[in-house]
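A single structure is presented below for examination.
Going by the order they are written in, the chains are A, B and C; count residues from 1 in each one.
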Amino acid sequence: MVKHRTLMWLLSLALLASCTSPAPTSTSSQQPSGGEGKKGGVLRVSWLGNPPKVLHPYPEPQYNGESLGDVSSLFTSGLISFDWDKLDYWVNPDEAMAVDLPTALADGKTFTFTLRDGMKWSYGEPITSADFQFAYDNASKEENNCVCLDDLERIDTFRTPDPKTIVVTLKDPLARFIAIATVSMISPVPRHKWQGKSWTDPTANPEILLPTAVAGPFIPTEANAEGVTLKRNPSFFGKPPLLDGVQFIVANPNTVLNLVKTNGADWAKNFPPSQYADAKRTSSLNVVEWSAVTGQYRDVEFNLKRPGLSDKRVREALVRALNRKDFIQFEDDLAVEQYGVITAGNTKWLNTNVEKYDYDLDKAKQLLKDAGYTVDSNVLKDRNGQPVSFEVVFPTTSAPRAKMAAYMQQQWKLLGVDTVVSGQEFNTYIERAQNKNFDIVMGSWGAVLDPDDLKTWLLTNGPQNNTSYSNPRVDELIDQGKVEQNDQKRKEIYDEIQRIVADDLPVYYTVTLKQFTAFDKKVSGVKPNKGSSIMTANNNIVSWSVAQ
Amino acid sequence: MHKFLIRRLIQSALLLWLLMTFTFFLTRATPGGPEAALAEAPKYTAEEKARIKARFGLDDPAPVAYVKWISSAITLDFGRSYYYLRPPFDIIKERIWPTVQLGLVAYLFAFIGIPLGVIAAFNRGRLPDVGIRTFTVLWDSMPTWWTALVIITILSITIHWFPQGQGRDGPIDWLTHIIIPAAILGFGGVVTFTRYLRSQVLEVLGQEYVRLARAKGLPEYVVIGRHILRNSLLPVITLMGGFLPGLLSGAALMEGIFRWPGMGSLYLEAAATRDYPLLLAIITMLTIATLIGMLMADIAYGMVDPRIRLSQT
Amino acid sequence: MTQLDRPAAGEASAADGRAASIARGRRTPDEEALEQRVVQGIWGRAWKKLRKDRLSMMAATGLAIVVFITVLGPIFADLVLHTSPESIQRMPDGRVAVLQPPSSRFLLGTDDLGRDVLTRLLYAGRVSLSIGFLVAGISVAVGTAAGLAAAYYGGWVDDIVNACIQFIFNIPGLFLLIILSVIFQPDVVMLSLIFAFFFWPGTARQVRGVAQSVRTREYVVAAQSLGGSDLRLMSRHILPNISNVILVGAGFDVQAAILGESALSYLGFGVRVPLSSWGNMLTGSTDMFEKAPWLVYPPGAMIFITVLCVVLLADGLRDALDPGV
């Protein structure tokens, strides 16, 4: 039909790729939503992004994604629970498989769980510790390439001395929070169904494509390119959900909200920020907005090895020419300011006593002068008389980052800096960032829950440390924080890390995105919290219902 | 005729091999392999990246990987998709039929362009002609995705419904779900057919044999059908030769917006995620189809215009 | 005026489809002059006919106006209006003037970065028109030459051209473009060359198809027997008769190039931020047609008007060249 097909491919790719828009993370503010509704109803969720290709409980990294997480969180269960308001672990009898939090031995390395009675798989067999053992034995094999491998490496032994007891021993003692997170990672796999079959090949093991034996509140019934359907699991050991079933429907950024408006769905899980105002005005919709603890944030990362950028005064000058209030406006006012790698919602770990680098254009100009730069007819020149120019790289799949890059270009023009803005196709962008082939990149990350994870960006040679940031004191503190048993001392360690990093300014943190989602008013029982997934955080979904 | 056919078939086979090879190295050379997409995952580590590369055989130097791939591709074994973990043709099989449906219905719409072009030519310079040309330019200036979004918005506001996905509850449901994406897709073809046909018909109208046929007193529809159309169809046939890849790329957009579970969106996904086995399988399939399409168009030339046939032998 | 010197050697029969490499027949100065007049007559007559065609003249005027606005608009915006297409405008309260509807301050409103839409529209014209015409020009030139050669000479020339066409049709353009976007800096000329690279096979196929038909017609065979170089035959006898297909194709090329540039910006290969083009203004406003229609209709209208004028003019030219009209 189309004479110029290559262009059509490109346009399609662009529009399709922007489907995987960032999951706006939000923490709940006060928004109680009706009381308990009538039992039942099928919740139809209109979904952005690509549907999961396989429904493996222990996915490999390449097909692991948010959509898989959404679905698997409904059909799997875990040993313990997490309270997103207190930001700590506990055991919720409505959903946890263990009787209580694990008892720890004095060495701080060995943890013991006791499983509760009467748990059954959806096909009838009882759930015992042998299912956990089977899961661990296979998930920890390197050739099975589980995304959880690196975390599982912390475990030394995983034993199940009797059908109701699990004993996990870590290789080294870890801070309590990390330790508990690690030892409770494993969820069971029905060994009778999986035994003898391939762990990774869906053609040999159909359970991977569509699990028929599950331990969670729902069980999947259909999965294809249009979405995933689940129905209530009658053998679920915990509190039964009110909903009869959940149906995920794959949509497009332009149709995701429209589906809910036209009664094709009941809940638009994510939709573009530009439609937020319209959604709020629509009387049939209930828009919930919140700031999640593990919300998404944006930053501007400097390549510290590039000339010019290695001087902190230059970085500070560039940063002082930017105003976070403008950034918030460009995110349709659905963001809050951020000053470090810990987001505002993570009150347990946030240190607000850090250098924030507020907008101050005069100070920016002064800093550049101090660093030996001169302005010659609106062009900033370095000591050798060379005009200053930086390249800002961002992925073209992110329209917000394109906007911010254009904004930065204009602001830096006021300093006389010439900025070249390069949008790159997503994979190309990633490769440039990882190969440190850039001056400045615009990053967008999911925030950490436990601050030990900030080592990804801040540790020398950390896997996502694209800035080449290296501060031995920070490295030292990170190592200390990993094993510190005293909560107060641990907080002090990470407070200091935040302070040092803010002073060093390898990265300029701009904003955290608020999360928002839209329910049809028919849906009741929604209790927002600070988790990023409003559906499963604090076991929310079991109290949801859809009015008929 | 046979010599021509055999020669072209051999050429096509050679071209296919050349294209497959070129595509293999091209996709390999493109920056950002499949492991790049993982980098946005929060706990991405260097070990993970190394494991992925080893698993997908990306550590092999390109020529080695190429030999491995082509030797199994010839036996129709295209390996396993990185993301679906299944053989590519299994996945393609699930997704190809919806796209073919979309394409065929779209093509039916596109044929409206033929009578439109004839009408425009017969009324050259007058209102129908100017009207048709203006309308087709208007349509062509509106990108298909734009039209789709406008239609979705209008439908949502008025009848409180819009098509999403494939209709599975019987033929009427299927029809209501396919008609809009197919129409939008097909109207691009309407524009193309209209303009090329108008131009050719005008060309033919001036020819002597048309005047002769009319002078003979033949009814107009015979004149149009037998003499005019037959000689005007050459550009149309040319367009049909490139039918398949054009169809798929246009369909990809519609499939994305209307979430039609077809091949177009599969190709885009595979390209974006650098799912090499799936990608190469799809491209190979497309290439074969296109080569066949062009060959058939060339044969059709000969059937439509005997003078060309003579020169082909 | 007989052709007694017609050489026997080197002349293949029409039956094997090869255009014979006819050795130049000698002509008298009279014959030469006559042919000159005839050929000039085709183009001269066409021009006269075109001038009389009101619709085409209107289209030509329209196009001229668009070009005029495009060339002078930016200068006007700079010197008279003192606006810039990239500066971020602010409201009195200090906030960025994001998505302001048209007002006395911003005649066509502002976009999602607070930039003045009218100014951007004026500057965008330069980019879009340049790309549109460059691409169409190159694609038509290369495609016509290739298609003509393939149809005229047939045989191995046809095979090679066909092979090139099918190759380019089938390579996954997306990956080629990604690689190119990493190697080359995008600018209007580079972009146009790349587009033309992907567009010319379409033109060539059309030209080849129609030229194959025309080549076997009586007047071409007659001209062949009169002797003369291949180039003269192709350009003077075949070309005017296939011009219809070329002109239609050119219209599509212009439109596809203008819109297609915005597709390339997905690869980072379109015009560099913060430059605007009508195409990328349109693509950037996907979900804005309810919220901010002033972002959508102006660039859309400019594209529509430009393409309409080009199409009407091309059709007019086609009609003018057609002896039967």
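By definition in this document, a residue touches a chain if its C-beta (ideal position, glycine included) is under 8 Å from a C-beta of that chain, and two chains touch if they have at least 3 such contacts.
Since the model is a prediction, treat every value here as computed from it, not as a measurement.
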Central subunit by CA centre of mass proxy: B
Between the pairs B-C and A-C, the one where more C-beta pairs touch: B-C
Cα-centroid distance, chain A relative to chain B, in whole angstrom: 38
Mean-CA-position distance for chain C and chain B (Å): 22
Whole-Å separation of chain centres (CA-atom averages), chain A against chain C: 47
Residue list for chain A, restricted to those that touch at least two other chains: 3, 5-6, 8-9, 11, 13, 15, 17, 254, 425, 428
Numbers and ranges of chain B residues touching at least 2 other chains: 30-31, 143, 145, 149, 153, 192, 242, 245, 271
Multi-chain contact residues (two or more partners), chain C: 174, 178, 182, 202, 252, 259, 283, 286-287, 290
Chain A residues touching chain C - in the complex, by the definition given at the top: 3-11, 13-15, 17, 253-254, 272, 274-275, 277-278, 325-326, 329-330, 396, 399, 402-403, 405-407, 409-410, 420-425, 428
Parts of chain B lying in touch with chain A, wherever the complex brings them together: 30-48, 51-52, 55, 82-87, 90, 94-95, 106-107, 110, 143, 145, 149, 152-153, 156, 160-162, 164-166, 185-186, 188-189, 192, 239, 242, 245-250, 252-253, 256-259, 261, 264-269, 271-274
Complex contact set, residues of chain A against chain B: 1-3, 5-6, 8-9, 11-13, 15-17, 19, 50, 53-54, 61-64, 142, 145, 147, 149-151, 200-203, 208, 224-227, 249-252, 254-255, 258-259, 261-264, 425-434, 445-446, 448, 453, 456, 463-464
List of chain C residues in touch with chain B within their complex: 14-15, 17, 53, 55, 154, 159, 162-163, 165-167, 169-172, 174-176, 178-179, 182, 202, 205-206, 209-210, 212-213, 215-217, 241, 244-245, 247-248, 251-252, 255, 259, 282-283, 286-287, 289-290, 300, 303-304, 307-308, 311-312, 315, 318-319, 322-325
Contact set on chain C toward chain A in their complex: 86-88, 95-96, 98, 112-113, 173-174, 177-178, 181-182, 198-199, 202, 252, 256, 259-260, 262-268, 272-274, 283-284, 286-288, 290-291
